[in-house]
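Below you'll find the structures, each written out as C-alpha cells.
What follows is subunit A paired twice: with subunit B in the first complex and subunit C in the second.
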Partner chain A sequence: MSKPVAEAASAADRRARQPEAAQAPEYVLEARDVSKHFTVRGALGRTSVVRAVEDATVRLRPGQILALVGESGSGKTTLARMLARFHEPTRGEIVLRGEPLSGSRRARRTYHSEVQLIFQDPFGSLNPLHRVRYNLDRALRLHHPQLSAAEREERMTQLLERVSLTPAAEFAAKFPHELSGGQRQRVVIARALAVEPRVLLGDEPISMLDVSIRLEMLNLLQRLRTEDGLALLYITHDIASARYLCDEIAVMYAGQMVESGPKEDVIASPQHPYTKLLIESSPDPERGVGDREVFFAGADELGEPPSLIDPPAGCRFHPRCPFAMQECLEQAPPRTELGGGHWATCWLHAKGRAGELADTTHAAATAARRDALQGA
Partner chain B sequence: MRTAFLRSWKVRIGVAILAFFLLLAVFGPWLTHSVLGLDPRANDTTAISRSPGGGHPLGTNQFGQDMLAQVVAGARGSMYVGLLGAVVGTAIAIVVGVPAGFYGGKVDAALNFLTNLFLVMPTLPLIMIVAGYLQGTGLTTIALIIGFFGWSGGARTLRAQAMSIANRDFVRAMRMLGERGRRLVFAEVLPHLTGLIASMFLHAMIGAVMAEAGLAFLGISDSSAISWGTMIQGAQQQSAVLRGLWWWFVPPGLCIALIGTAAALVNFGIDELANPKLRAARPVPVRRAKQPARAGGAA
Partner chain C sequence: MTVQAEQQRPLPIPAGQAVLDVRGLTVEYATGGDPVRACADISFTLRRGEILGVAGESGSGKSTLITALTRLQRPPAVTTAGEILFHGRDGAPPVDLAALDGRQLRRYRWTALSIVLQSAMDALNPVMRIGAQFADVLRAHDRSLTKRGAWARAAELLALVGISADRVRDYPHQLSGGMRQRAAIALALACRPELVVMDEPTTAVDVVMQRQILAQVLRLRRELGFAVVFVTHDLSLLLELADRIAVMYAGRIVEVGEAAAIYGAPRHPYTQGLRDSFPPLRAPLRKLNGIPGTPPDLRRPPAGCPFHPRCPRRTDGCDERLPALLPVGRGPGHEAACLLNENDGDNGGDNDGENGGDTR
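Moving on, here comes the complex of A and B:
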C-alpha cells in the first residue's frame, strides 16, 4: 500500500546522502532502510508477521551521539539488536565504515571489535557465576591476544578506573551480586570498552538504574564520546536524558522513523504530531503547575500504540492523531526536509498545515477534535 | 563457602552416610577379613541359617556364609554399580541435553529425537534382553547397561534449562564479545547447571543401586558376584520372609534405603553450593554479646 511512497522517500534520501557523504566525515556505522519482520506462530498454527522495524535508517558519525526515542514496542530495541547483529535484517543492509557485512564468523568478530552493545538490564547481562575480573579478562583475551598476563592486568585496572570503579583490584574480585545496579552497568561498559570499539549502542542503558546515579552514567558516556571519539546510539524513551546527552534525535513510532534532526530543533519545534505528544508528556520542571490542565486535559484519550501485526493503513499514527486528515488514512506520508538535517514524515507539511502544530498542544488539539466530532 | 555447604544438619548427615558407605565399599572387605576373620564366601557348615549372635554378628545364610561379610562385600558391588551407572548416565545426559538446548535448530531436533526415543523405550524389558544377550553379566556390564538406558530424563531436564540460559543476556553479551560456542557452553551455561547435574547424579546413583538390586532380584546378575541385590534375591528364593529369617533381607534392604536417604539429604545442600546468590543470602549467625546492662535499668 505504501510502497511507492516509501520507495520515493528512500530514493530522495539516497540523493540527499550522496553530496553530504562527500563533505561530512565518514559515517562509522549505518543502517540503510533496514526492516525486521518476525514470524510468530499462534496456538492453532496460524502464523502472522510482526513488522517490528520498517525502513529505518540510522547513521552514526565518530564522536556523535544519536538518541533514538519512542515508546515501548516502537522497534528501538529491535533496531539496536540488528545493529549488534543479534538479528539479521529482513530487508536493507548494515554498513560498517562503508562496507556491507558478510556473515562469516571472522567478519562477525571484526564487526564486534568495532561495535558493542550495552544492554538495558545490568542484572541480566553479567553472568552471576563469574567475577568482574573474568568478564574483563575474556574481553581482553579475545580481542587483544597479543597482550601478556601482566599487560592485561594493567589494562583491566585502567578500564575499571575509567568507569570510576576504584579501587580496581577490589572491584575486579567481586561477583556481580555484590555490586549495585550502577556499578554493574559500569562493569558492562568497561567490558564493552575492553574491546576498544568505535561505536557503542546503548539500549536504554540507564533505565534500570536508580535515578540518583543516572546523571553520573550519562556523564560517563559523554566523557567516552569526547575523549575517545566514540559514536554512540543512545536508545531511550526519556526525552530529558536525550536532550542532556545527544546531538541528534531520531523519533520512532510503530517501527518507523517519523522525525529526525538536531536535538534543539526537534525538541523546540517538533514537526510530527507524535514527537509533539512525546515531548509534551515528558515532565518539565519549568512548566507552571497551572498549565497542567492545558497540557493534560485530553490525556485519557491518547489511545494505544497500534498492533504491529496489522498496522493501520496510511500513516501509522493516524488513529491517535488529532490532526488526521483523509490522506493520513489512505497513504503513508512523504518525507519532508525542513533544513539543517531536520525532517519529518507527516501530511501536515505536504498540505501546508504545519503551522497548526506549533500553535496548540497535543492535548488541546485532541480535546478540540473531540468537541468538533461531538458537535457534528 | 564449603563450610556453608556443611552447615546444614541434613547435608552433614547425608554426607556422613555416603562417606561411611564409600569407606565401607573401599576398606570394608579387607577389614572384615583381617580383623573379624570373616569371609563372605566361606561356608560354615556348623552354622546354617543361624540367627545373629556368636561368631556371626548378623547370622548366616543357607550355605553358612556370614551375613555381615556379605553385606560389606555387597556394599562394594552395589556402590560400584551405582557410581559407574550414574557417571555413564549423567555424562550421556550432559552431552546430549546441553548442546540440544544451547544450539537449538537442527542439532536440537536430532538430539531431542534421540532423547525421546530413549524416553519411550520400555527400559526394563530392554535391559533384560540386552543383559541376557550379553551373557557374561558382570557388575561392570550391568552398570554400563543401566547408565546407557537411564539418561533420557536427565537429558530432557538439562535441555530445557540450557535452552532458557542460552537466551539470557549474559550469554548474548559474551557471544557478542566473540566467545566461541564450545566455551559458551562450558564456561557460561554449564556452571549454571551444576546444581541440577549434581542432584541428577545422586538420583542416578540411587537409581542404579536400585536397578541393580531389581535386576538381581529378577535373576539378571552374575551369580558369583556379591551385591545387595543378589543377597535380596537369595533371600527371596529361600522365602526368607515367610520363614522369619529377617537377617537375610533387612541388612541389605536397609543399606539401600539409607543410601537413598543420604543422597536426598545431600541434594538439599547442593542447590546452595551451585548458586552464589543463595550462598550470600544465608544469614551469618552473629553471636550476641551478653545483654548489656539496661541503660538506667533500675529506674
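Moving on, here comes the complex of A and C:
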C-alpha cells in the first residue's frame, strides 16, 4: 500500500512539476526546501549554528488553510517569518505566484501587500500611543497611497465592520488599551486585511485569547477564506483547533517536516511516531472522564525536543521514539507517499512496520520497549 | 467515587476529610472610587488528596482567589470578608488563614501549603543554583539539616520529577522551560505540604510537556497525598485531570461539581458555553460559536446574574436577582447558580444532557 520514495526521487518529481507551475501558478505562496541557520555567539566567543529549519517545503493554494503544528522550538515560527520575509532563507527559495523573489525595495513592498503576518501577541503588535484609527490608517497610507483621506476613512469603516467591531467609528477612536484581547486581535487582523493580501500567516493567532473568544476568531478566519479566497497558514500547537479550521496539516519536529496530509487522515491515523505522540498528548474530554489513571499512565517521561545546535544523527526523533531501529540512528528516513497527499518521513514505512503505529500508544510502546531492554 | 478509588491505594492520610474550608471569601481591590469586587462570596471545601480545578477566563477572579488563599495578595487587594479554614494533619482545631498575621503564617507556608506559579522563570531566582534554592527552603524549615544534606535532598526532589541529579548545580536558565516548571513543582513539594496551589502551571509549555507534568502531578499526589487547587483557563484539561471542577465567572463560582457532571450535564449556561468552546479532536465537526460578547467590567458589574448580558437562555428576572449557588442534578456536590435551575430544576438538566450528547 505505502510506497517508499527516496528523497532524490521526490525532488526530481518536484523539478518536473516546476515548468508547469510557472505557466499557471497553482500555489499562491511556496517555500521550496528552505533552511534557516542562525549563528549564535557563546559566552567565550565561540560560535555555533542553530539549524532552526531544514529543507522545509510549504505550499499554499488560494482559499486553502494549512495548519503547521509542532512543539515550541520546532521551527514553525521561523518558517512563518521566512515566508513573511523577516528572515532570508539560508538555502532554498520563497516563491510568490510562481515567481521567485527579488530583493528590490519595490518587490519587497509588493510582496508585503500580498503576504501579511499576524502575531501571537495582540498586546504587543499595536502601537499603544495611537488610536485604532491611526494604526489602521497607516497600513492604508503605505500600501494604497492613491487613496484620498475620505476613501481611506470609508475603507477603514468597512474593515472594522468585517471583523465585527461595530460601531466602527467608536472603535476607531479607541486606544489599544481600551480594547479586550479579542478586540485587539481583530484590529490586528483588520490591519492585515487593509493591504488586501492574498495570504495570511497566523502565528498562534488565538493562543493568547480567552477560550470563549477563540472560536469567534477561528470563525472569522474561516469566513475570510470563504469570502475572499485568502490562503492561510495557521501555526499552532493546538491540534483540536487546527482540525476545526484547516484543510491540511503539516507537522514539524526539530526543524524538519515529518508528516503532512489532509487533516482527518493525519489526526485519525498519524503515520509518524511524533505526530502520534502529539495527538495522544492533546486534551480530549471525549475520551471519557474517569479513567484518568489509565489515560495518564506512562506519560511521566515523554522526553523533550533535541538541541538544534547539535541535532541527533539519523532521524531527529529517534531518542524519544519507542519504535526506533538501527536505521533511525544512522540515516535520515525517506519520505513515504501514502496516497491522497498524505506523506510521512519515517523508517517504519520503509521497513514494513507501519502497522505497529495503529496498534499501540506512545506510552504503551515506550513501556514495552523498556521491558524488552531490561529483559535482554 | 473518587474517594473510593483513593481508598484502594495506600495513602499516608485518610481521604475524605476536609483540608481546606473556604467560606464566603470576598476580595476587593480598593482603587480610587468604588472598590472592585474581584472575588465575591466564594465558598468551597477541598478534601484531602483531592484535585479541585478552578476554570475561568481572564478577569474571572481566579488568580485573585489564589493569592487570597495563599495570603500572597498585595494592596490594593484586600480580603474584606470570609474565612479560609485550614485543617492540619495533626487533628488540631482548624486555623483561619485569613486571620493570621505574617509571622504566624510563616509556620504554614511551604509545610502546610505551597504554590506553583505560571512562569517558573519568574518563580526561580535566576542568579542562584537550583540546589541552593531548594536548600534555602529546606533549611529554613528544618534547622538541623546540614548544607550537604539539603543539597542531597534537593537532588532527590528533582529526581521525583524526572530531572537528573547532576542538574542540581545548574542555574535556572540552563534548564528547558518544561524542566524549570517541573523544578518549581518539586520545590513546592520540598516540605511535604498538604495543599499545593497551582496557578496555570502548564500554560507556558507544550502539549507533550503539559501531559508529562500532569502525569507527574497525579503520580506525586498518589505517593505523597497532597491536595491540589489547579487554576487554569483550559477547561478541557481540567476535565481530564480534576476530581471536581469549580467554574468562575465575574468573581463568583457559578457551578461546581465532579468533572464527569461538569462535562456530561453542566447546569449553568456559561459552563455549557465554555465546554462547547473546545473543538473536538475526534468527534464529527460542527460549527461552534463560543460565547459571544466579553466578560463584564467588574467596576460596573451588571445587575442580577453577571452572565445575563451574554446568556443565550436569559429569562425574566435574570437582570434583577442574583442567583444563589444551589444543589442541582443527581451527582454529589453538584451546585449551580442559575435561575433556570430554581424555576424548573430537572427540565433544564435534561436539555443539557441532550446537548452533551450532540457533541460526542
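Quick notes on this structure:
One rule holds in what follows: the second predicted complex is superposed on the first by the 347 of 376 C-alpha atoms of A that agree within 3 Å, B and C clash if a C-alpha of one lies under 4 Å from a C-alpha of the other, contacts with A are read in each partner's own complex, and residues count from 1 in each chain.
Simple rule for what comes next: a residue touches a chain if its C-beta (ideal position, glycine included) is under 8 Å from a C-beta of that chain, and two chains touch if they have at least 3 such contacts.
Computed from a predicted structure; not experimentally measured.
Aligning the shared subunit A places subunit B and subunit C next to each other free of steric conflict.
Of the two partner chains, subunit B is the only one touched by A:86; subunit C is not. Put subunit B and subunit C next to each other and count what each touches on subunit A; the higher total goes to C.
Once the two complexes are overlaid on the shared chain, A:117 sits against subunit B while remaining clear of subunit C.
Of the two partner chains placed around the shared chain by superposition, neither subunit B nor subunit C is touched by A:340. Legend: residue contacts after superposition of the two complexes on their common chain; A:188 is shown touching subunit B, with no touch to subunit C. In the superposition on chain A, contact of A:125 is made with subunit B only, not with subunit C.
In the superposition on chain A, contact of A:229 is made with neither subunit B nor subunit C.
By the touch criterion stated above, A:98 is placed in contact with neither subunit B nor subunit C.
Closest approach of subunit B to subunit C, taken over C-alpha atoms in the A-based superposition, is 5 Å.
In the superposition on the C-alpha atoms of chain A, no part of subunit A is touched by subunit B in one complex and by subunit C in the other.
By the touch criterion given at the top, residues 1, 57-58, 162, 176-179, 206-212, 214-216, 218-219, 233-237, 239-241, 259-260, 263-264, 273-275, 277-283, 285, 287-292, 294-295, 359-360 of subunit C touch subunit A in their complex.
By the touch rule above, subunit B contacts subunit A in their complex via residues 168-174, 176-179, 187-188, 191-192, 276-277, 280. Those residues of subunit A lying in contact with subunit C across their complex are 71-72, 180-183, 210-216, 218-219, 237-241, 243-244, 267-268, 277-279, 281-287, 289-290, 292-293, 295-302, 304.
If you check the complex, the residues on subunit A that touch subunit B are 84-86, 108-109, 112-113, 116-117, 119, 121, 124-130, 138-139, 142-143, 175, 177-178, 188, 191, 195.
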